[in-house]
Amino acid sequence: MHIEFDFPAVLERWPSFLGGAVLTLELAFIATLFGGILGAIGAIGRRSRNRSVANICTIYVEAIRNTPLLVQIFLVYFGLASIGLKFSAFSVAALALVINVGAYTTEIMRAGFDAIPQGQIEAAEGLALSRLQIYWHVILLPAMEKVYPSLTSQFVLLMLASSVTSQISAEELTAVANYIQSDTYRAFETYILVALAYVVLSLIMRAGFWGLGMLIFPRQRRLGTPL
Amino acid sequence: MGGHLNGNHLLFLGQGMLWTFGLSVIALGGGGIAGFIVALCRVSPSRWLRIASGAYVQLIQGMPLLVIMFLAYFGLAAIGVQVSPLAAVGASLTVYVSAYLGEIWRGCIRSVPRPQWEAAEGLALSRAQRMRMVILPQAVRIATPPTVGFMVQIIKNTSLASVVGFVELTRAGQIINNSLFEPFLIYSIIALVYFVLCFPISRLSHRLERRGGAARETLTPA
Amino acid sequence: RADLLDDIMKAKKIRIATDLAIPPSGMIDSNLQPTGSDVETAQLLAKDWGLELEFVQTTGATRIPNVQTGKADIIISTLSVTPDRAKVIDFTKPYAALQSVVGGLKSLPVKDWPDLKGKTIAVSRGTTQDQVLSNMKDRDLQIARYDDDATMVTAAVTGQADFIATSATIVNQIGVKNPARPFEPKVLIQTFDLAVGLRKNEPRLMEKLNAWIETNLKNGKLNAIYKKFHGSELPQEMRG
Amino acid sequence: MPEIAAINQKANQAGIGPATAPASPVVMLKDVHKSFGSLKVLDGVSFEVGRGEVTVIIGRSGSGKSTALRCIDRFERINSGEILVCGHRVDDPGLDLRALRQDVGIVFQSYNLFPHLTIEQNIILAPCAVKRVPKPAAKELARRVLAQVGLEDKLHAYPEQLSGGQQQRAAIARSLAMQPKVMLFDEVTSALDPELTGEVLKVIERLAADGMTMVMVTHEMGFARGIADQIVFMHRGRVHEAGPPEMLASPRTPELSQFVGAGL
Amino acid sequence: MPEIAAINQKANQAGIGPATAPASPVVMLKDVHKSFGSLKVLDGVSFEVGRGEVTVIIGRSGSGKSTALRCIDRFERINSGEILVCGHRVDDPGLDLRALRQDVGIVFQSYNLFPHLTIEQNIILAPCAVKRVPKPAAKELARRVLAQVGLEDKLHAYPEQLSGGQQQRAAIARSLAMQPKVMLFDEVTSALDPELTGEVLKVIERLAADGMTMVMVTHEMGFARGIADQIVFMHRGRVHEAGPPEMLASPRTPELSQFVGAGL
């Protein structure tokens, strides 16, 4: 074949790569934080005794999980603009990602909530704790502990999926890669580097989640149970 | 440029949908078999097999599918191996799906309670017999809901096959949109089609999950 | 190693990489047939050389790898020539040119570059417009990059963008889609030469393509195709 | 043991020692019926428990013992009948659940300590969250109830670091920290080996001696005989026989005699 | 009961009745040491079990009873010492594991029936897969061993449709179907209520009466006293006392006397 690899030609753009990687991480962070909160609320909603609350949460989950992220991003970005609300691409990208990962998190957290033995909840009820107190003190943390691996995988997946926000002018890693590759026409070098960058980012995220796990699950820290 | 959505366009989307469907079948068929092997390696008594398959899973799960497809199609060609688009996409999806399903299934095999493994061992069953007669039948019941749930992801992810020239549902929509400039209409239609493809599967997964939940409880007597 | 031209002639078939999602150069018509200026150029070439034509569907990002790895023979897909790109693939003589402008809302009082200071301009990522504007560091422009023309146009139609940098043809199209937001060309950026791309070191094919382009620019066929889709003539000096 | 005295102050102030006869009942079930779907589980259960009294419920598996206990703390809602606990009308749909549960402590077979909290955190959770006891006072309280069950040194351990018997005692301490007026125990020793069982039963014996009102389901016949003021033998959702512990020695019905004989 | 006789044919052919003294030992542990990481669990355990003998291991939780039992069937590998079972050198790394396990049947506290198979399928699984018994013969065998444990009517039930005691008896039947020479039981009744416990113990008593060699861990002291030829009291990973059942009545060490007394 007639391909001579020239990594330096692409590598010299490392500040752009770095900028893109940082933006990707920022998006992932915001989506993880708020998506996590949204997911916890959604999961509580899905288990609510109030039928309409539960139904709304179910519709949210099903609508998001069964349509592509790209389409959701377009609908949010252009939809908001059509009704006169103009936000930066970054805000919209972050918003769309939060909504998206919130739906997945809802399902995962619900499974975690369901996995808390009924006996635990009854013991808490027997201690006169209110429903909210039970969620907060007895269910939330152990449930998160149980589903922590799936939860973190989902967030890493989200980070990888955030590449589609390049479509609406968010300058994350893939966007930068596309720019560099069309500027230099060095597609292979760019794609190989971007693959490496994503692997590194996902390792960073996993390490971060591991550290976070150590922090919020003190029992794991004390007893050394592997997460 | 311009013009209005007509029957031909819908036909075009329909063809795209068929590709989406076909690619999904390939992904799940190939990925299912490979994933099964990965899962077995992940629980293998051999340390090296476990480590190697673990690294494989980590690597693949750290890469966007788009990049895997790109490297499979163009990267292999660059080192002199010409592959057809279908082969490249099939291989990429197989590799990608195998990493995820392998990991899901490993969890399911692992979640068959330890005493069950020991009971089988105590009956002098060989390792293969234990797997086949005792562990796998139980793991399958646990594995069905997450596997079916993962199918939904794959159906949506086949859209990335456009990178090697497949005009599946999303790409078909893009092409039509780029000549009609009706993004709302077209993307809403695409969303709807995906929803129609995916929703029944999601529901199925829920139903199975509820039944699987009951099954799981019976796995740990007393 | 084999010569690409011989291969093409032996196969009686030429495989041309074209992105069918970049109107008005490549798109599909309402009968789902490929159409656009690049498409007709490709068809003309195949006819002249007596070859069967196969379009290799690409996206913007995969045009180059497709010829590098031999999955397509040449690219006719609004490739504009830059020195960086010329290190990776070879370009023929230009067969067309693209007039790029900054278009803006009719109602906005913008006449020249200074008026665009601090304004956000939407472009298609990685296009030559993108490169040129990105290099205008002193003009203090904000650039929003979209993945393709359609998304960029949608941004303009819905109000996410008040300025776009693209061809004049596309700028005029926006008002048709949303009469409430008519756009007009405001500032001329530059006229870019568009060339056919092929993998490096194929001198015989290059020679034959150059000859063909020269002939068809002279006889006006390429100009006619261009005018049909872009609404304007090719620049005088190109027509020879 | 001054701590125990403090906890049981009220009972003692009322002048009721462990051995005196019941005054007005603290727990009363009257013709309680309860079905799960078509399965009748309680079929007209009635009994009373006086202040400071220990009632032991026995019966074979599935006879409805746990269900009866759970109805008392409104973990199950009954279909008909009347339940009165410390002045709360448990059968009333408008019952203030949390007020009821402040007066009633319940401990199950599976200890159900919260695994992510240390023993101290397990104990102070409810007093702090429900009764708004300030943290330092709650910690003091935790130390006191743990001493009561002989676990003062396990304050900062996590449940999984404790043996089964220790976990069960910690669960009892957690209930005690809410200073309940009645304690319910559902087979609290049946997951334990004889030695651990002994530890837990000793704790319960001490509670009884201090005048705590208790209802317990147990299979430990010897223990039941020793501690109970009243024994309730359930069979097929009914109270088949009830009376003082001596009734175990001379069963009136063949069912009870079979049950007592079965354990070898 | 001709079936039982058939199963225990070999023992009887050897002329060894239930009450006779042991001949050459079927199970022998000699100075067995076993650690989990830094935790020493077995610290020089030795005992022997003769053909047709019943040995009961007792001791408090964590003393290493289960571990000792598991070492006999090579579920755990020992660090040093010697284990000989039916002529198999269990401590030998090159041991033919599956041959050993054809000679040894083991039953755990959690019955571990395979939930996806009927009782019959549970029972014929190993004979068909391991010993290549043809299906019809295996089914005949299943019927026989189920009759032995009093469950002939449950052939086609799934485990979850059985009560705990029935599940445990089915698990014993499954082991019997492999016609083992030794049976190991690890607290097989401790998840059961007194009545169900009685059912299971009766089955084991019958096995003992028919001359099966058995090693069992149990907390049922009364039962141990009645059935054992030898009692092994473990404490902190050692055999603290061993001897005939009468030793329970007059413990020589304070540990045993505390253990025996603790259960109230």
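Per-chain numbering from 1; labels A, B, C, D and E assigned in written order.
The definition used in the following text is that a contact is a pair of C-beta atoms (placed from the backbone, for glycine too) under 8 Å apart; a residue touches a chain by one contact, two chains touch by 3 or more.
Just so you know, these numbers come straight off a predicted model, no measurement behind them.
Q: Using the contact definition given at the top, which chains are in touch with both chain B and chain C?
A: For chain B paired with chain C, the chains in contact with each are A, in label order.
Q: Tell me which chain's centre, taken as the mean of its C-alpha atoms, is farthest from chain D.
A: C
Q: Please identify which chain has its centre, taken as the mean of its CA atoms, farthest from the centre of chain A.
A: In terms of C-alpha centroids, the chain at the greatest distance from chain A is E.
Q: Just curious, how far off is chain E from chain C if you go by their C-alpha centres, in Å?
A: Averaging C-alpha atoms per chain gives centres 82 Å apart.
Q: What whole-Å value do you get for the distance between chain A and chain C if each is reduced to the mean of its CA atoms?
A: Taking the average C-alpha coordinate of chain A and of chain C, the gap between them is 37 Å.
Q: Taking the mean of the CA coordinates per chain, how far is chain B from chain D in Å?
A: About 52 Å separates the centre of chain B from that of chain D.
Q: Residues of chain A that touch two or more other chains: which are they?
A: Within chain A, the residues that touch at least two other chains are 1, 3, 74, 78, 82, 187-188.
Q: Note the residues in chain D that touch 2 or more other chains, in rising order.
A: Residue numbers touching two or more other chains: none in chain D.
Q: Hey, what residues on chain B touch two or more of the other chains?
A: Residue numbers touching two or more other chains: 70, 74, 77-78, 183.
Q: What chain pairs are in touch here?
A: Taking the chains two at a time, the touching pairs are A-B, A-C, A-D, B-C, B-E, D-E.
Q: Flag every residue of chain A that touches chain D in the complex, lowest number first.
A: Chain A residues touching chain D: 117, 119-120, 122-130, 133, 137-138, 141-142, 145, 217-219, 222-223.
Q: Using the touch definition from the top, list the residues of chain D that touch chain A in their complex.
A: Residue positions touching the partner: 73, 75, 97-99, 101-102, 104-106, 108, 110, 112-117, 125-126, 129-130, 158, 160-161, 171, 174-175, 178.
Q: For the complex, give me every residue of chain B touching chain A.
A: 59, 61-64, 66-68, 70-71, 74-75, 77-80, 152, 156, 159, 170, 183-184, 187-188, 190-191, 194-195, 198-199, 202, 213
Q: Mind pulling up the chain A residues that touch chain C in the complex?
A: So the residues of chain A in touch with chain C come to 1-3, 6, 9, 74, 77-78, 81-82, 84, 86, 89, 166-169, 171, 175, 178-179, 181-188.
Q: For the complex, which residues does chain A have touching chain B?
A: Counting only chain A, the residues touching chain B are 1, 3, 62-63, 65-72, 74-75, 78-79, 82, 114, 153, 156, 160-161, 163, 174, 187-188, 191-192, 194-195, 198-199, 202-203.
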